[in-house]
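Some structures are shown below for you to check.
Note that chain A is present in both complexes that follow, paired respectively with chain B and with chain C.
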Partner chain A sequence: MLAELGWGWIFPPAEPLPWGNKAQVNAFCFFLLFFPFRATSCGSTPEGDSQAQSKKALKKQQKEAEKAAKKAEKQAKQVSTMGSWHEGDFAKDQYGVPPMFQSQEKLDRVLVRVQDLTAEKAGQLLWVRARIHTSRAKGKQCFLVLRQQQFNVQALVAVGDHASKQMVKFAANITKESIVDVEGMVSKVEQKIESCTQQDVELHVKRIFVVSQAEPRLPLQLEDAVRPEGEGDEEGRATVNQDTRLDNRVIDLRTTTSQAIFRLQSGVCQLFRDTLSNKGFVEIQTPKIISAASEGGANVFTVSYFKTSAYLAQSPQLYKQMCICADFDKVFCVGPVFRAEDSNTHRHLTEFVGLDIEMAFNYHYHEVVESITDTMVQIFKGLRDRFQTEIQTVNKQYPSEPFKFLEPTLRLEYWEAVAMLKQAGVEMGDEEDLSTPNEKLLGRLVKEKYDTDFYVLDKYPLAVRPFYTMPDPINPKYSNSYDMFMRGEEILSGAQRIHDAQLLTERALHHNIDLEKIKAYIDSFRFGAPPHAGGGIGLERVTMLYLGLHNVRQTSMFPRDPKRLTP
Partner chain B sequence: MPMYHIRSKSRVDTEVDLPTCMYKLPNIHGQQNRCEDQGHQKWEVDPEVKALQARQDEIMQKLYELEAVVSGLAKTVSTPDADLDALSISQSPYNSALSDPLDLDGLLGQAGDCGTIRDIVINANPAQPPLSLLVLHSMLCRRYSVLSSIHVHSSISAVPPSLLGCFGPLYTNGCRRQRFQLIFTLIWKDVPRVELKFNVPSMCAVEGEGNVARFLYRLLLAPSKDPVLATVMDNWVDTAVFQLAEGGAREQKAVVQALNMALTKDPWLAGPTLSLADILCACWLMQTGTASVVPSNVQKWLKSCENSGHFCHALSLMIN
Partner chain C sequence: MLAELGWGWIFPPAEPLPWGNKAQVNAFCFFLLFFPFRATSCGSTPEGDSQAQSKKALKKQQKEAEKAAKKAEKQAKQVSTMGSWHEGDFAKDQYGVPPMFQSQEKLDRVLVRVQDLTAEKAGQLLWVRARIHTSRAKGKQCFLVLRQQQFNVQALVAVGDHASKQMVKFAANITKESIVDVEGMVSKVEQKIESCTQQDVELHVKRIFVVSQAEPRLPLQLEDAVRPEGEGDEEGRATVNQDTRLDNRVIDLRTTTSQAIFRLQSGVCQLFRDTLSNKGFVEIQTPKIISAASEGGANVFTVSYFKTSAYLAQSPQLYKQMCICADFDKVFCVGPVFRAEDSNTHRHLTEFVGLDIEMAFNYHYHEVVESITDTMVQIFKGLRDRFQTEIQTVNKQYPSEPFKFLEPTLRLEYWEAVAMLKQAGVEMGDEEDLSTPNEKLLGRLVKEKYDTDFYVLDKYPLAVRPFYTMPDPINPKYSNSYDMFMRGEEILSGAQRIHDAQLLTERALHHNIDLEKIKAYIDSFRFGAPPHAGGGIGLERVTMLYLGLHNVRQTSMFPRDPKRLTP
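Then we have the complex of A and B:
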C-alpha cells in the first residue's frame, strides 16, 4: 500500500486537491517516494536515514535496559524470599526429600498397608508408604490421593499446628507417581469418599517425605489408562491405546485393573496346581530346547546350539507322554510354549504359558476328560468364590457378563454340534473342521440352550486331528479326541494318544511324516505303554476368556507377538 | 507433364482410419447386454450376484407362501366352529400312557437332514424341586432309551446330594449320545420358574411346571380326542399347579375335598388309568405335607399312585 501511495503520488493528480496547491503537493510526493512513511516514528523529521535508524536502535536499547533492570529486581527479590522461605517455616523438619535410600540405617518403623486403613484404626498415628496418585491444592489445604496396588486413600495436608504453608506447597508440588512415606492420623469422615477404595477414612498428614521422585512428564496418565473405552469417547477424555500401554508396560501395570488381572491369573495357576496335586498328579518340568520339531514343523523357532541348531519346544507333548510311559501315571507341567506362527490376532502370542496335563486311564478315555473338566470347574469355582474383588475391579473398566458353567461339565458330541449349526443355517460337511466363526456361533447356541460358557466337544473327525490321535473303535471316521471351549473360543485340544508303536507308525505314514524325525517318540512306546490321554491350556487365554476381555495381550505381562519383542 | 513417372507401390485408394482417441479404457458403467454382445468384454456378470439374486427370489417366494398359509390359518381361528356338537364326538378307545411308543420324530418335529438332536433341557430351582417331572422322567425311561444327566449351574453354590442323585444311578457305559432316543438334561439353577428348552431356534422356552409336565406327557401319550376328558385333565393340572402349590391352607383343603368327591366315582381323576392329572395332584399333595390327613378315597388313590412304580424317586426326595 505504501508503494501504491508512492507511485500514485509521482504523477500528481489532475484535479486540484483539497489540501495545498500543486507545488506543495509535488514536494510532498517527492518526499514520500524517497522517504517511506514510518508509522512508528513520532514526529518524522526530514533528516537523514541514519538518524532515524539510530533513534530506533536507541529505543531498542532502552527497552533492553528496562528488561534487565526488571530481571535484576526479580532476582534480588527471589534471593530475599529464598532467605525468608525457611524463615517462617516451623515445620521444615516434617517434610522434604531425604537422601537416596542406600540402606543407611535400619528403621524399626511399621508401615501400614493402605487396604488396612479402615474406621477401626481411627485416631491412630501411623506410617504409610504409597504412591501419589493425584494431588490438588486448594488455598491452605492440599488433598492427595495415595495409591498402593489396588487400594487408595485420601490424605490431607492443611496449614495448622503441624503443617506450614511451605509444607502444603511442597506437598502440592510432589510429582505424580512419586513414592512417599507419610505419617498421619487416621480419621473418620462423615461423607463417604466415593472416588477411593477406602471410603470411610482419610489420613491427616503430619510428616511427608519423598522416597523416590518420579519425572514430571509421564508417558501415560494412570487415570486415562483406567478409563473405560466408551466413557472416554463420550466425555471427550483420553483413553490410552494398547500400543502405548505395552510400550510403557511398567506404568500400565500399576493401574488397579492390571493389578486385578494379574492377581487373578496367579490365582488360576495356583488353583490348577492345587487341584491337580490333590488328585495325585505329579508336577514335572520338560525341556524347552529340543532336537526335532514335534508337531507340524513349520512353526518353530530355531536356536543355534553350539555347532548345530535346535528348536524351542512348541508343546511339552512328547515329554509328557514319555513320563507316562515311565510310570508316572498322572503328570502336569507349567511352562513356556513357543509358537512361531505369524498370526497377528487378538488371541495368539508367540510365547505363552502352557498348563498341560497327561494321565493314564483304566478303561475309557472319558475318565481323563472328566478329570480335566473337573479341574477346570474347580478353577472356576475358586475364582468365583475367592477373587470377586478382582473380578469387580476388572469389570469396572471392561464390563462383561459373569462366567457361567455347569457341574459336571456339559459334554456334546461333534455330530450334535454340526446338527445345531446346520439348523442355524450354516452349511458344512459332517467331517469338516469347525472354523473360528462357526465355533463362536456354536458357543452362542450352546449358551442359549444350556446357559453355560464352558463345554466339551467330543468325538472329532479323525481327518482333522494330529497323527497320534486314537481313532474311534466303532466308527473309524471319528476319533477319541475332544476340544474344550470357553465363551465360544477354543482353550484346550486333547485326545486319547495312540500307545501302540505299530499303529502309531501306520498313522504317521498316513500323514506323510518322516519317521526318522520321530523315531525317539515311537521308541518310547515299544516297551509297554499304558493307555493315556491329556490336553493343555494357555494361561493367558483362559484368564482372558474368564474375564471376558478381548485381547490376550491384556492378560500377558510382557507379551510377545510377531511385532513385539520389548519390553 | 511430369518428367519421370514411377508406378506407385502402395495403394492410395484405401482409407486410413485415423484414431481420434489416444488411450481407450473400458466403460466402467458399461451395460451388461452390450458387454455380452461384444467380443472382448472385460466385465462379466458376477456369478455370485446371480446366485444372490436367485436366493433372494427363493426367499421372497417362501415368504409369499407363508403369508398365504398364515392368512388361511387366521381365517380358521377367527371364525368359531359353531357346528361342533359335543354329543357327536365319538368315544375313541383310551390309550394308556404306557402302551406303544409314539413316533418321536413326528412329535418332536425333527427334519430329516439335520441329524437328530433330541436333548431336552430343564432348568429347575433346587429350593423347589419339581417332583412331577421326576415321575414323568421315570415314565419316559420305561418307554424310550433315555440318557439322563444332572448338572449344577454356577449361579448356585451348593446342592444337597439327594438332588444330585434324584434320577437314581445313571449308567451310560461310555455309550455314544447318538445311541439314545432321548436325552434328558436337568440343570439345577437359580430360576424363578421351571423352564424347558428344546429346540431353541424354533421354539421358545416352556415355563412353569404345569406346562413342562404337559410337554413331557405329550411325548408319552397322544392328546385325547375327547375334548371333555382333555378339559378335565387340564383342569386338574391347573388346580394342582395353582391352588395346591401356591394356595393357602383353606384353598388346599378345598382341593382335597374336590379330589375326594371326584375319586368317589372313579379310581383315577381323568380317564381309566394313571394320567398327568393324577401325577401332578399327587406330587403337590405330598409336598403340601397334608398327605397323611386326607379322606379315605384320597388315601387309596395316593396308595395306587405309589404302587404304579414311578413315584419312588419323587418319594425318596420327599423323605430327605
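Then we have the complex of A and C:
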C-alpha cells in the first residue's frame, strides 16, 4: 500500500523542510557552478606500454571523451531544472529529484537487490535502488543499465501509459553513477542480455527518482577501468592507468573487479581468524606506537609523542612474544604494520596489514609450521569454495591459472632450494639469502616439479635472519626459521624464537643491537618462557598472489608508498 | 611407549649439541651472575589510599619480601647446580634441567591440559606442562601448585619408590613461575582442594624437568596481584599498584584476572565481527598514516614521512565513508585509533582499538541505529553465554553487578535526558553538551527508571557534533546523531553523515575547516553517494564497562597514555 504512494508521500510539499524541494533544485544548480569541473580529458589513459596505442587513436579518444563530457553537462543541467517540465505532464509525480535524504520519514518500502531480479520474479512490481551504469536514449525509449556492486540489470523507460515523453527525457539525462530509486515491473526477455549479470529479465520502469546525483564529468569511466589490459588497444579504447585509479579510488573501487577483490580479501581475514579461533588461538591487540624501534632501527617511522618521540611498530613481533610469555599460549593479531622503506616496487607498501601468529609448542617448532600451513590451506579452500564468483570476476579482467596447493603442504629445506637453483644454472653461496629473481625462479622450479603454488622453505641460514631467531641445534650455521611462498613470492616469514634471555642477549650483541633499547623485550624472558614460534603474513600479498594479480596496490584499498599518502 | 623414555631419549648425551647438557647448566650459572637482580623490594606496594595500611605493616611486609627473595635466590642456585646431586641418587634420571628447547627432536608425548585433570582421569599416568605457582616443602614431601592460564592443580613430590630425597629437594627449590614438565599419577583427594581450580584430584609426581627457569626475584607476586582491593589491608597483605603491574605487564598478564579479561576481550571482537558478517557487512582495512588530520587538526600525532610529514588517523571515519561511496554498502573495521590528547583519566588512552561501523540505509538513520544496537545486544548475550567462567573470575577480584540490557534497546532523545537531569537538580542549557559527571548521573537515573545498563541517546544538539553530522530535518538546532552508553559511560558516538558535497562544504566552512585539507573527502561525495550513518566503538571501554572495571588500562594489554610508552 505504502509502496503506491511515491515521493509525494514521503516529502509532503506543505512541510517546512529546511532543505525543501525548490531550495534543493536551486542548490543543485549552484553546486554545479560552484565546483569547477576536473580536468578529466586525460583521466582515461592507456595502461603500460603507450606505444601499443597509436597517437591517432588517442586523439580520437580524447575528442570523444570531450564530446561525451559536454553532452553529460548539458543533460545534468536539464535534470536539475526539471521542475519546469512538470506543467501539463500526466506523469509528473512519477519522476524527479526529491530533497536530500535527511531521515525525514520512516518508509515501509522494500528495496529488492539487483542480484535477486530473476525470472521467478517476472510480473512483480518492485523497487530497486541502484546506480545508473549506462544510459542510451532511442526514440521514445531509454535503456538504462542499473548497477549494484557486482550485479547489473537492464531497465527500460518507454513513452506509454506509465511514462510521458518528459519522463523518458528526464531518465535519459540522469548522469552516470547517480543513485536512483526505480519502481519497475520485472519482465522476462526473449533474448539473453549478455552485457548484464541479470540476463533473463529487464525492469519496465514506472517511477524513477534521483537519490543522489553524480557530477557529469567522471574522472574515469567504469567501462575503461574493467577492460582487460591489451584488449581494445587496436580500436583505440582506453584502459585506466594506476595513478588515475588511485587518485580517484572511490570510483575505481566501484568496478566489479575491485568489488570482487575486496570482498574476497574480507574473506581472507575471516577465514584466517575463524581457523585460528577453532584451534584455540586468542586474538590480541598490540600497540602501534612504541618507544624503541622493534627490529633494529632502520626503516622505522618516527612519531612526535608529546614532549618526546616514539616509533611506529614494524611488526607486532615483540608484543605477541610477550603474550606467549604471559601464558596466552596461542595468539594471533590482525593489524597495520609500518615500514619506512623507500622501495617503489610492485610488492612493497609503507603500511600494510599483518596477519600475525605466535604459538607455544611442546617439542618442535614444526608443530607451529603445521598449524600455519593448515591455516593457509583452510584459507585457500575457503576462498575456492565460497568466493568462486569473485575469483571469476577478477579473472575476466586479469586472467590467471587457478591457485594450486598440496595437502600436506610441501616443505623444502633451504639447502634443497639452493641445490635446485644451482642445477638450474644459478651461482650462489650455500648461506647466501635468496634474491627476488631467485625466489621467483625457485617458485617456477617448484611448480614444475611438485605442481604447487604454495610451499614452505625451512631452515634458513642463521646469518640472514633477525637476532631473535633460534639457531639450529645441530648445525649453528642454520636456524629454525622458515618462509612461505605463494606463486614464487614470499608471503610469510617466521621462526622459532629464542626464549632464553641469556642466548637472546648474546645474539643481540652479535647483531650490534643496543641492549638498553630492547630491555623490556629481553626482560620478558627472565621469568619462565615456553618454547615458541610464529610468523607474520602480509594480507595484501596473499590476496594479490591468490588471485594472480601483479601489484600489491590493487589489493590495498588506500595504498601507502613513498610517493602516495592520499586519498 | 615413547612417553616412558624421559629426557635422556630426547637429548642423548652423546650428541654434540652446541648448547648441550653440561654447557647449559654452566651457562645457567653464568646467567644468574651476569644479570643483576631487580630492586624488587618495592615491587609489591599497596594500591590506592596508602593510609589504609599502617607503616608498621608496610615495614613488616618489606622485610618478609626481602627474606623470601633471598631464600629464592639460594634455592635457584641449588637447582642450577643440581648436577652434583646426581651421584648415588637412584632417581637421578627423573628430574633435572634439560638443555634449552631447540627443537632437537620430535617427541610423540601427549601433554594434558590442567583443566582436563578431573576425577575421571584418576589412576592415569600423564604428562603436564605448567608453571610452578607456589611450592611448599614439608619434611619428605613437597607440595606444588601447578598453574596453566586460569587453571591450577596441586602436585605432590614425596620421598618413596619414585622420588629420592634429592628429587624432593630439587622440586622444592624450583623458582616460582618456572615452567616444568611433570609426569604424575592423577589421584583423587578425600577433601576438596579449595585453593585450586581442580579440586578433586592431585598429581603424584614421578618425574619433573624444568623447561624454563624463572629468575628467583619476581617483580610482583601473583597472589598479591589477584587480591581484591581492600581485602587483607588489616593483615598488612599487599595488593599491587597499577604502575608496578604495567611496568611488569608480562607477569601481571599471567594472573587469572588478566587471563579472563583478555580472553573475554578476544570474544568481544569475535562477536562483533561475526554478528556483522552475518548481517552482510564487509570488513575493510583503512590506512592509519594519513596526509591531513581527519577531525580538524587538534589532538593529532605527527609522523615523519620520508621528506614530508603525515598524521596518525584519529578515526577511520573518512575512509569508511569513502567505502560507502564506493558501493560497499555495509562495512566494518577493527583497528588502532590514535588521539594525542593530554588526558590522564581512567578512560582515555592515546591509542585504543576502534570497532567501526558504516552503513548505507534506505530511508532513515534509525535503520543503522537498530543494526548497531542489535550488534551490541548480540555481544552482550554472547559474553553472558560463552564467557561465564571469565566473568566470574574477574568478579572474584573486582566484584560488580551483572550487566543488564533490554530488548529492544532503550532509545532516549537528548531533550528527554536534559529533562531528567534538570528534574534531578542539574542546571544546564538545552543545547549544552553532557559533562562526564552528568553522563554518569544520567546513567544512574536511567538505570533506576528503566533497569538497563545500555541505552542510546539520540538527537544531539548540532552544535556539539562534528561538521559532517547531518542536521535534523525539522529542527536545525538538533542533529541525526547519537551516543551509546554502558553503565553511564559513552562507548559509541555516531550519526547520519552528510552525503551531499555542497552541504558538507557549507558545514566545514561553518566549522572553520580548511577545505583544501579535506578535498579528497568532500570529492568522494561528488559522484553519487547513498545516505548513510555509522559509529565508532572503543573496544577497551566495552570490555571495562561490561565487566564493571574502573580503569581502561586494565583492558588494554599494553596501554598508551601521555606518560606511558613501555613496555
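Here is the rule we go by: the second predicted complex is superposed on the first by the 478 of 567 C-alpha atoms of A that agree within 3 Å, B and C clash if a C-alpha of one lies under 4 Å from a C-alpha of the other, contacts with A are read in each partner's own complex, and residues count from 1 in each chain.
Heads up, the rule we're going with is that a contact is a pair of C-beta atoms (placed from the backbone, for glycine too) under 8 Å apart; a residue touches a chain by one contact, two chains touch by 3 or more.
All figures in this text were calculated on a predicted structure; none of them were measured in a lab.
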Would you mind checking whether chain B and chain C clash or fit side by side on chain A after the superposition?
fit
State whether A:351 touches chain B only (first), chain C only (second), both chains, or neither.
second
What is the contact status of A:405 with respect to chain B (first) and chain C (second): first, second, both, or neither?
first
Would you check which partner chain A:424 touches, where first means chain B only, second means chain C only, and both and neither mean what they say?
first
Once the two complexes are aligned on chain A, which partner has more residues of chain A within touching range, chain B or chain C?
C
Go through the superposed model and pick first if A:413 touches only chain B, second if only chain C, both, or neither.
first
When the two structures are overlaid on chain A, which partner does A:254 contact: first (chain B), second (chain C), both, or neither?
second
Please indicate which partner A:512 is in contact with in the superposed arrangement: first for chain B, second for chain C, both, or neither.
neither
Which holds for A:218: it touches chain B only (first), chain C only (second), both, or neither?
second
With the two structures laid over each other on chain A, which partner does A:451 touch: chain B (first), chain C (second), both, or neither?
first
When the two structures are overlaid on chain A, which partner does A:364 contact: first (chain B), second (chain C), both, or neither?
both
By how many Å are the closest C-alpha atoms of chain B and chain C apart after the superposition?
5
Quick check on my understanding: which residues of chain A belong to both its chain B contact set and its chain C contact set?
364, 366, 474
Please output the residues of chain B touching chain A within their complex, sorted ascending.
113-117, 119, 121, 123, 149, 151-155, 157, 174, 176-178, 185, 187, 189, 197, 199-201
Residues on chain A engaged by chain B in the complex (per definition of touch):
364, 366, 380-381, 384-385, 403-408, 410, 412-413, 415-416, 418-420, 422-424, 445, 448-452, 459, 474
Chain A-touching residues of chain C, taken from the complex the two chains share:
10, 16-19, 27-28, 30-31, 34-35, 100-107, 109, 111, 129, 131, 148-149, 177-179, 211-215, 218, 249-251, 253-254, 258-259, 262-263, 265-266, 269-270, 273, 277, 282-291, 301-306, 308, 310, 312, 319, 322-323, 325-329, 334-336, 338, 340, 342, 350-351, 353, 362-366, 470-474, 476, 480, 496, 499-503, 505, 520-521, 523-524, 526-531, 539, 556-558, 560, 562, 565-567
